[in-house]
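The structure's right below; bear with me while I get my questions together.
Think of it as A, B, C and D in the order they're written, each chain with its own count starting at 1.
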Amino acid sequence: MPLTADARGVYPIAPTPFFDDGRIDTASIDRLVDFYLGIGATGLTVLGQLGEAPKLSHGESVEVARRMIRRAPALPVIVGVSAPGFAAMRELTLEVMGAGAAGVMIAPPNTLRTDEQIVGYYRQAVDAIGADVPFVIQDYPLSFSVQMTPAVIRRIVGELPSCVMLKHEDWPGLEKISALRGFERDGSMRRIAILCGNNGLFLDYEMERGADGANTGYAFPDMLCDVVRLSVACQREAAHDLFDAHLPLLRYEQQPGVGLAVRKYLLMRRGLLASAAMRQPAPALSATARAEVEHLLGRLARRDERARLAPPG
Amino acid sequence: MPLTADARGVYPIAPTPFFDDGRIDTASIDRLVDFYLGIGATGLTVLGQLGEAPKLSHGESVEVARRMIRRAPALPVIVGVSAPGFAAMRELTLEVMGAGAAGVMIAPPNTLRTDEQIVGYYRQAVDAIGADVPFVIQDYPLSFSVQMTPAVIRRIVGELPSCVMLKHEDWPGLEKISALRGFERDGSMRRIAILCGNNGLFLDYEMERGADGANTGYAFPDMLCDVVRLSVACQREAAHDLFDAHLPLLRYEQQPGVGLAVRKYLLMRRGLLASAAMRQPAPALSATARAEVEHLLGRLARRDERARLAPPG
Amino acid sequence: MPLTADARGVYPIAPTPFFDDGRIDTASIDRLVDFYLGIGATGLTVLGQLGEAPKLSHGESVEVARRMIRRAPALPVIVGVSAPGFAAMRELTLEVMGAGAAGVMIAPPNTLRTDEQIVGYYRQAVDAIGADVPFVIQDYPLSFSVQMTPAVIRRIVGELPSCVMLKHEDWPGLEKISALRGFERDGSMRRIAILCGNNGLFLDYEMERGADGANTGYAFPDMLCDVVRLSVACQREAAHDLFDAHLPLLRYEQQPGVGLAVRKYLLMRRGLLASAAMRQPAPALSATARAEVEHLLGRLARRDERARLAPPG
Amino acid sequence: MPLTADARGVYPIAPTPFFDDGRIDTASIDRLVDFYLGIGATGLTVLGQLGEAPKLSHGESVEVARRMIRRAPALPVIVGVSAPGFAAMRELTLEVMGAGAAGVMIAPPNTLRTDEQIVGYYRQAVDAIGADVPFVIQDYPLSFSVQMTPAVIRRIVGELPSCVMLKHEDWPGLEKISALRGFERDGSMRRIAILCGNNGLFLDYEMERGADGANTGYAFPDMLCDVVRLSVACQREAAHDLFDAHLPLLRYEQQPGVGLAVRKYLLMRRGLLASAAMRQPAPALSATARAEVEHLLGRLARRDERARLAPPG
């Protein structure tokens, strides 16, 4: 079930669950995957930045990806294979594709600046992983400091047939979606899937601009699924009502750095993770921050039942 | 009326109004200032980044600052004097202080990296402008790429008595407010005013962390005034309710780059600016984006009457 | 005498002479200009980065440029007009062109990343200064963090007829010269002057790659003039011999930051500047560093008489 | 033979030899190591940035390090273990220390900005690799964008007893050596070894400032050994004469990016590498560049016999 340009819906970015001592918590992996299946996720992405991929050893990376893939045979699983060099990228790609992954996601290294360099990098990456492996461009300038114009993405898509999806997380990014869909309409670019990240901060309008769904890790991916569904069904105001109810918490989780600590805390509070532990380096969630998250949850619960959780231990 | 560490409330960041042809629109300056006075602003900041200060010639900068100061004799006016060199910074400071400004705001140049360099820069800036001119540190890493730890801010405050305020716009930034207020409590730093920027994206919790108010330019500064007032009055849920109602639009306006175009459009829609024009380089607001802003306004109007505007011409 | 694409030879980057108290030293300006004339410079650039341009007020900038232009009526003078905004750039351009400048030099702001942004910036700059003002692209990624590919330069040259020169200081940069000259040969780009900066660190081979000369500020511009002359006369080994003799000192002067302090010290030692003073922020030259420079001078004097200076006061 | 703060002399940065098809060339590894032994190197560093470490898979990294260690039982071998995460860093450290490495080298990730972050990172790195593993700080701002002040290095040295060496490649960097040696003299920092990198561009004066030697990869490490020896023996002018003879070529090799291609070409020309191949992404050495290198070699041969090589095949 290789990933294709027809991908749509919600591909949650799965966090990597750790025990408090830093070991990988496989039971929580299973629980997470089952949860994603249950809420109607249409795919899954593992070993993303916010999956703490760079903190895993090679062996651990393969183990985590394998376990997710096995647990969710019905879901296409995308594996993040970004690496400082092509040897490591190739090695991981071969292993996870062999294990049944649907495709891989590649972020540009933060040394790239010019259009030429960006296109050249993806060309070399495809040389390394093989032209038969479907891949996703991760376009996240806030995190990677690499700015890809729509024209650069069009060049990559035009040159590299195995490019099937854009993980869109530019900010601001709405016009980029419009520009890419415009390229498709004017025939200058073949269609690819556009799934949006950046914690879903603009998912409401991204869907209206032509996105195919979400590819992010907000702790209420069930909300993301609903918003995508409502939006596709043209229930515009209902989509915005639900989205807006979550926005105060979603914004809090979208903070760089500490955001993943918030996300893991919320997933723990929802009973999906046994621990909110992150591997070092990691920001700590202060007692005040935890109280703020609880306050946000309490306020959200008035508008979305799913946020009604038993008080923390 | 020099600026002191007792500053509090809302100091809107005033945009610089232009006509469509790029000339400065002084009538709109007056209208804006009158509006700020009417909604209970406690001060005013002009010639900030989002006042398009770098796009003005020296003469224009002085003219804009002077006009705002004269129009609002009751309000302390802070003038942004950030400049590539100290000669220009000194020249502008002398002129605006002579014209009645309450103090100046200084952002660090984006070449600064180490703690040493940052403290040294503010030391030299004070040498240039004079130790008797109250100044505000602008701490906006997203825009300036300079990261100041709480300890660095403490060093600046400790060394330079004329530092009276922090324009806090780090992101994430809540823990920084707590850390600075902690320094004050443990006696290691004298108290300074902390007014928050970054479009107010976290103003709700920033107030609870110990901020003294807002120093930003969201197109509904009347909402900022209300939230600060409610928060100070300990009407917590009312403050959040109002804030949350605005968050979808506020988030839209907080986008880097295009955000100022959104803000100016909104201020024009509110009848405060004659034109939403920006000077080059400036992002254009697409028709789709304008429609999205109108949609957000319509949704907001259900919860805040002030957003009920006659349809655009 | 407007600057044209036929410019060649050596355009020294003139430092701005200050007295120890920071005031501008006009007598040293005159002495410098006379010296440049005497050694066979073919032009002059003022208000560059290493002319400490950002540290001058607007009035001072105009004064310095005017004085240099008047003192050297026989030399085309290029004035650096890089500014954070187009209003200031336009204002300075109008004044210096009115005063007799041959053209202006524009560096890209360090926020530019994509090819699109870079080309767009120069387009807007020409809108601001007028299409009749000859301009020089300053391509100095080490200092400005903006990377222009040969293709981007070709787009600028193609779109903007008033672009007549490239101040080439990319590093590594030899292939860029070859690429641009290749574009000219294959007819895809009209010819522009390429004068090399970066303290002349690769001037020996840059001439062989097709550069037209030097546009930099090494404290022995007489050597630069000789090397360019020898290179043009195809006296290859003689050019390299002279260049290599200077390389140990030239390398020392090419250090970022402290390099300008070295240069001004050397120009003072040569009797051209009354003081080596720089305006703040400026690195100090330690006693050890001064001793190293004297050591380098002593060693150089064995191979180039011009470095034989009376011991420092 | 663990690395200690008494390290001195020349620790060449070993390149990783590849065949033209990208496979690792173990015979060239052996030849290189034998050569380093023969010229009087006092140690060896493998898997540095210019050892193309990020382009190796984990297994290859271990293989290369192991082979070098075995081949040079008499030399302390430092292994670069910089990695995007601590799990990978720990894993590689355990394997190479088990294989007999003398210590490891750790570069800071380019996301670090504040003093706090830098010190915190090394603290966590030591937690990961174990406090018993001697480590080297790699201080290379040009490549990593992390600026460490002398005070920050002092904090790391003070807090972490296993820090025994600084690979000094700041630029400008002479004052940093003086500052650190000053800290040692005033008793505020224990002594550590300082070995200089950055291709040796300032090795002549770095030795005079108090460096203990070189830790870089210039293709004539025999020259580095001689300069260090002459400098230690107080034969100042002889040291400079030899150094200056090499400077034109050394400068050419010091260019970012293409420099490693130059280095590998030279090592191939000297018969030490079977191929100059680099793994992708890698800059190509143009025919013109190769001719320039040959020209530089020819000129150098007049002053240093070791550069007299048979013409290229």
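Definition applied: contacts are C-beta pairs under 8 Å (C-beta built on N, C-alpha and C of every residue); 3 or more make two chains touch, one makes a residue touch a chain.
Because the structure is a prediction, the values reported are computed rather than measured.
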Omitting chain B while every other chain stays put - resulting connected groups: one piece
Superposing rotation of chain A relative to chain D, computed on C-alpha atoms, to nearest 5°: 180
Between chain C and chain B, distance of the C-alpha-averaged centres to the nearest whole Å: 38
Geometric centre distance via CA averages, chain D-chain C, whole Å: 33
Multi-chain contact sites of chain B, meaning residues that touch two or more partners: none
Arrangement of touching chains [line / ring / star / complete / other]: complete
Parts of chain B lying in touch with chain A, wherever the complex brings them together: 171-172, 174-175, 178, 201-202, 204-205, 208-209, 237, 240, 243-244, 247-248, 251-252, 255-259, 286, 288-289, 292, 299
Complex contacts: residues of chain A adjacent to chain D: 52, 54-58, 60, 84-88, 90-91, 110, 120-121, 124, 127-128, 279-281
Chain A partner contacts - residues on chain C that touch it in the complex: 113-116, 147-149, 151-152
